[in-house]
Amino acid sequence: MAIKKTTKSNLITIAILIIIYIVCQILIATGSMSNLMKGLLVPLCYYSIMAVSLNLTVGILGELSLGHAGFMCIGAFASSFFSKTMVDVIGNTFIRFTLAIIIGALSAALFGMIIGVAVLRLRGDYLAIVTLAFGEIIKNVINVLYIGIDRNGLHFSMQDSMSLNLLEDGEAILNGPRGITGTPKNATFTIAIILLILTYVIITNLVNSRSGRAIMAIRDNRIAAETMGIPITRFKILAFSISAGLAGVAGVLYSHNISTLTATPKNFGYNMSIMILVFVVLGGIGNLRGSIIAAVILTLLPEYLRFMQDYRMLIYAVVLIALMIFNWNPTCIQWRENHSLKNYLPMFFKKEKEGL
Amino acid sequence: MSFLSYLIRGISLGSVYSIIALGYTMVYGIAKMLNFAHGDIIMIGGYVIFTIMSTIGLPPFVAVLVGIVLCTLLGVTIERIAYKPLRSASSLAVLITAIGVSYFLQNFALLIFGADAKSFTSVIKLSPLELAGGKLTISGETLVTIPLCIIIMVFLSVFVKKTKVGRGMIAVSENKEAAILMGVNVNRTIAITFAIGSALAAVASALMFSAYPALSTTSGAMPGIKAFVAAVFGGIGSIPGAMIGGILLGIIEILSRAYISSQLADAIVFLVLILVLLVKPTGILGKKIQEKV
Amino acid sequence: MSMLSVKNLGISFGGLRAVDSVSINIEKGELYGLIGPNGAGKTTIFNLLTGVYKPDTGIIELDGKNITGKSTMDINNEGIARTFQNIRLFKNMSVLDNVKVGLHNQYKYPTFAGILRLPSYFKTEKAMNEKAIEILKVFDLDEEKDIMAANLPYGKQRKLEIARALGTNPKLLLLDEPAAGMNPKETDELMDTIRLIRNKFNVTILLIEHDMKLVSGICEKIFVLNFGTKLANGEPKEVLNNPEVIKAYLGE
């Protein structure tokens, strides 16, 4: 059987990721990578995972979500909690971290399922605002939550760590606004890139399967999909859960890459969800490779604009607005077509098959 | 007595949300876009009023007036430069552009006014009203905010129903193409809507920062989001809905702050929103949308 | 043996009685036409039959089974498929994938088998592709299988909608104005195709159509609807010569 066009495109993406990984490793080995860049490798991977997984909700299912960071938050805290309590119990880092990833993914997927059920009756912007609200609730609740552990088991409180009433051998793991400190730093670039590739494969395989077609059918025409006997509810919830679960994986990477995990508006607030949405939209709705490229470029851009100091974010904003107008304004679209490279250098472009 | 005083504070905060939500809901109804930059216009309004009052030293009345004029111009300019070219683009593209505008306004303010939070001086010089022998105090800000909110709502309702421009707005929000065919100048109508929305944002900013004086470059964002929640709450596109939604939101927020937990107040507000939408998917006064097959 | 038996069907929207006490009986394998002036309630009947609207009164039986009040999805599983007056294809999906969505409940494997690319995925997908191509061939669409549905010319989009509906392996196929927007030559082809699918897929067909040439050419029975109620019912020849019907169509 010949390799399908989509399969080929997916293999190319994976190959590019592996090549980038190898190049990075060589640069690190020869000492030619800056510390700034080294520190960005894992974040680039988790932002990419966030973008690719959000694209499942926004691009494939066709629902606007503004609460994706909430799922990342859940994955981060659930896995961090697990890793910190199990650090002495499970000695093997590989096993412990693998379990942490699974726990992060499952707990986030569970919340994805809940929010999926909650928004079933909602459409468009109403759904968007509920996802935003959900993300904010998660962040706020974690900030007042105290969880400790001693030989009697888990203790919960919503006031302070004193009211956990821990025994002398106990330890408060989650400390409200002070979050979780001392999560083992297990997230390496290698693991991060493997997880990114896995995420990419999971979503592309899903899209090119029976369930993926059902999800896209719902996106393109809900009523027709229903008439074709597609169970809308089940597939909407499925898409939300998988998308959320993978965001949870990104959260695991996030929390195992820093020493103190706190839920602030900056890392898990709606601003983060919106930033991920920007990656998805600029990378192309439904275009998974584009999501990764946009995530990488837009994460690096502000870092490399640092020399502009205070003007940095201002430039970023202007670039963003200009890009959107350049991409979507009818006059600009016309201009791009008239001045396309294909017109100037036709020999470099295969002639596309004409319409029928 | 303390409950009553919390309730009044809630209504007062809710009135501010209502005024912002009115702007939000009108823009949404007509341009069908989530204007994420709306909250940042409030912030800019706050800085303008603060600068004129505290740095230049002009009277509050002048400051508020200049604030309203500048915000109106700003809103119309933003619409002209950033949103108008995308009139035919997908709503997601417009949403991202609005986010870009929001980043721009915040960082622009950061450059000019710096990162330190400013302490806003109240524009309202009214002395507090003491009732029940001093047991119940109503601040001057509240005394102005609540009636002003009602006046604005009544004025807007009449404006939309009775004037030519207002009816044009309804027409555009119902069906843009049909409105064009009926001779409504859509570009002008949308520009006017943005002008009104931004002017209201400036009014809201004067009232809000008078009651909650911490002014920083991000202090418009949360009220903006909450006003949007209020608009959704009441049924987006509906003027009385924005009013009811805003006031309910303010009451819920202040009461949960007082009786449950100040850190959880926002979470409770959002939770109530989710619950309301679960029961009524288009908000309290929202119209039911039936898809035609 | 009747395939579809509708008794006393009715629905109101607000004060408007859109469909009132309609009873239709369609035999197995029959090609049935539903005609009537604009706004007579034809599409509303389709929406009632497919569960998009729930009827206020009446009973719908498919192949002897009561399906009244069931969901659109369940009704499809019971064996009713339809097309839409305003084409509702999955526009951003390929022609082949559109039909494969139709095959969704005929060929199954679990989601994780798809994600993990288990053998059942490859086996089932292969069978699905073969079946989908087989259906597309009937409509002469197999050459265009990789084209995005939105990029098909109008006439072919209508055909693809029928192909997709057949994918669900229906007992009863509802066609809502299948010839709308087609030129006379295309309409002739369509008439042949409709006869062909009735025989090849062993399906009963109920169609709404304004093109009287098509209706009288292929329908064995006709039901005329006017203001939501029955005006006439029977063989095409007698129905189309019925003075009441002529009056409803041409006015006094």
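Worth pointing out:
As written, the chain order gives the labels A, B and C, with residue 1 at the start of each chain.
By our rule, contacts are C-beta pairs under 8 Å (C-beta built on N, C-alpha and C of every residue); 3 or more make two chains touch, one makes a residue touch a chain.
Given the structure is predicted, the values throughout are model-derived calculations rather than measurements.
Comparing mean CA positions across the assembly, the chain most remote from chain A is C. The greatest number of inter-chain C-beta pairs in contact is found between A-B. Here the chain at the heart of the structure, going by C-alpha means, is A.
Centre to centre, using the average C-alpha position, chain A and chain C are separated by 42 Å.
Averaging C-alpha coordinates per chain places the centre of chain B 49 Å away from that of chain C. Centre-to-centre, using mean CA coordinates, chain A is 31 Å away from chain B. Shared interface positions of chain B, defined as residues touching 2 or more other chains, are 293. Touching two or more other chains at once are residues 223 of chain A.
Counting only residues that touch two or more partner chains, chain C has 52, 84. Of all residues in chain A, those touching chain C in their complex are 5, 202, 205-206, 208-214, 216-217, 219-221, 223-232, 238, 286, 355-356. Put simply, chain A touches chain B in their complex at residues 58, 64, 118, 121-123, 125-126, 128-130, 132-134, 136-137, 140-141, 143-144, 158, 177, 223, 270-271, 274, 277-278, 281-282, 285, 310-311, 313-314, 316-318, 320-321, 324-325, 327-332.
Only residues 50, 52, 71-73, 76-77, 81-82, 84, 88-93, 97, 100-102, 104-105, 107-109, 111, 113-117, 121, 124-125, 128, 144, 146-147, 151, 153, 164-165, 167-168 of chain C touch chain A when the two sit together in their complex.
Within the complex formed with chain A, the chain B residues making contact are 28, 34, 36, 82, 85-86, 88-93, 95-97, 99-101, 103-104, 106-108, 110-111, 221, 225, 228-229, 232, 236, 261, 263-264, 266-267, 270-271, 273-274, 277-278, 281-283, 289, 291, 293.
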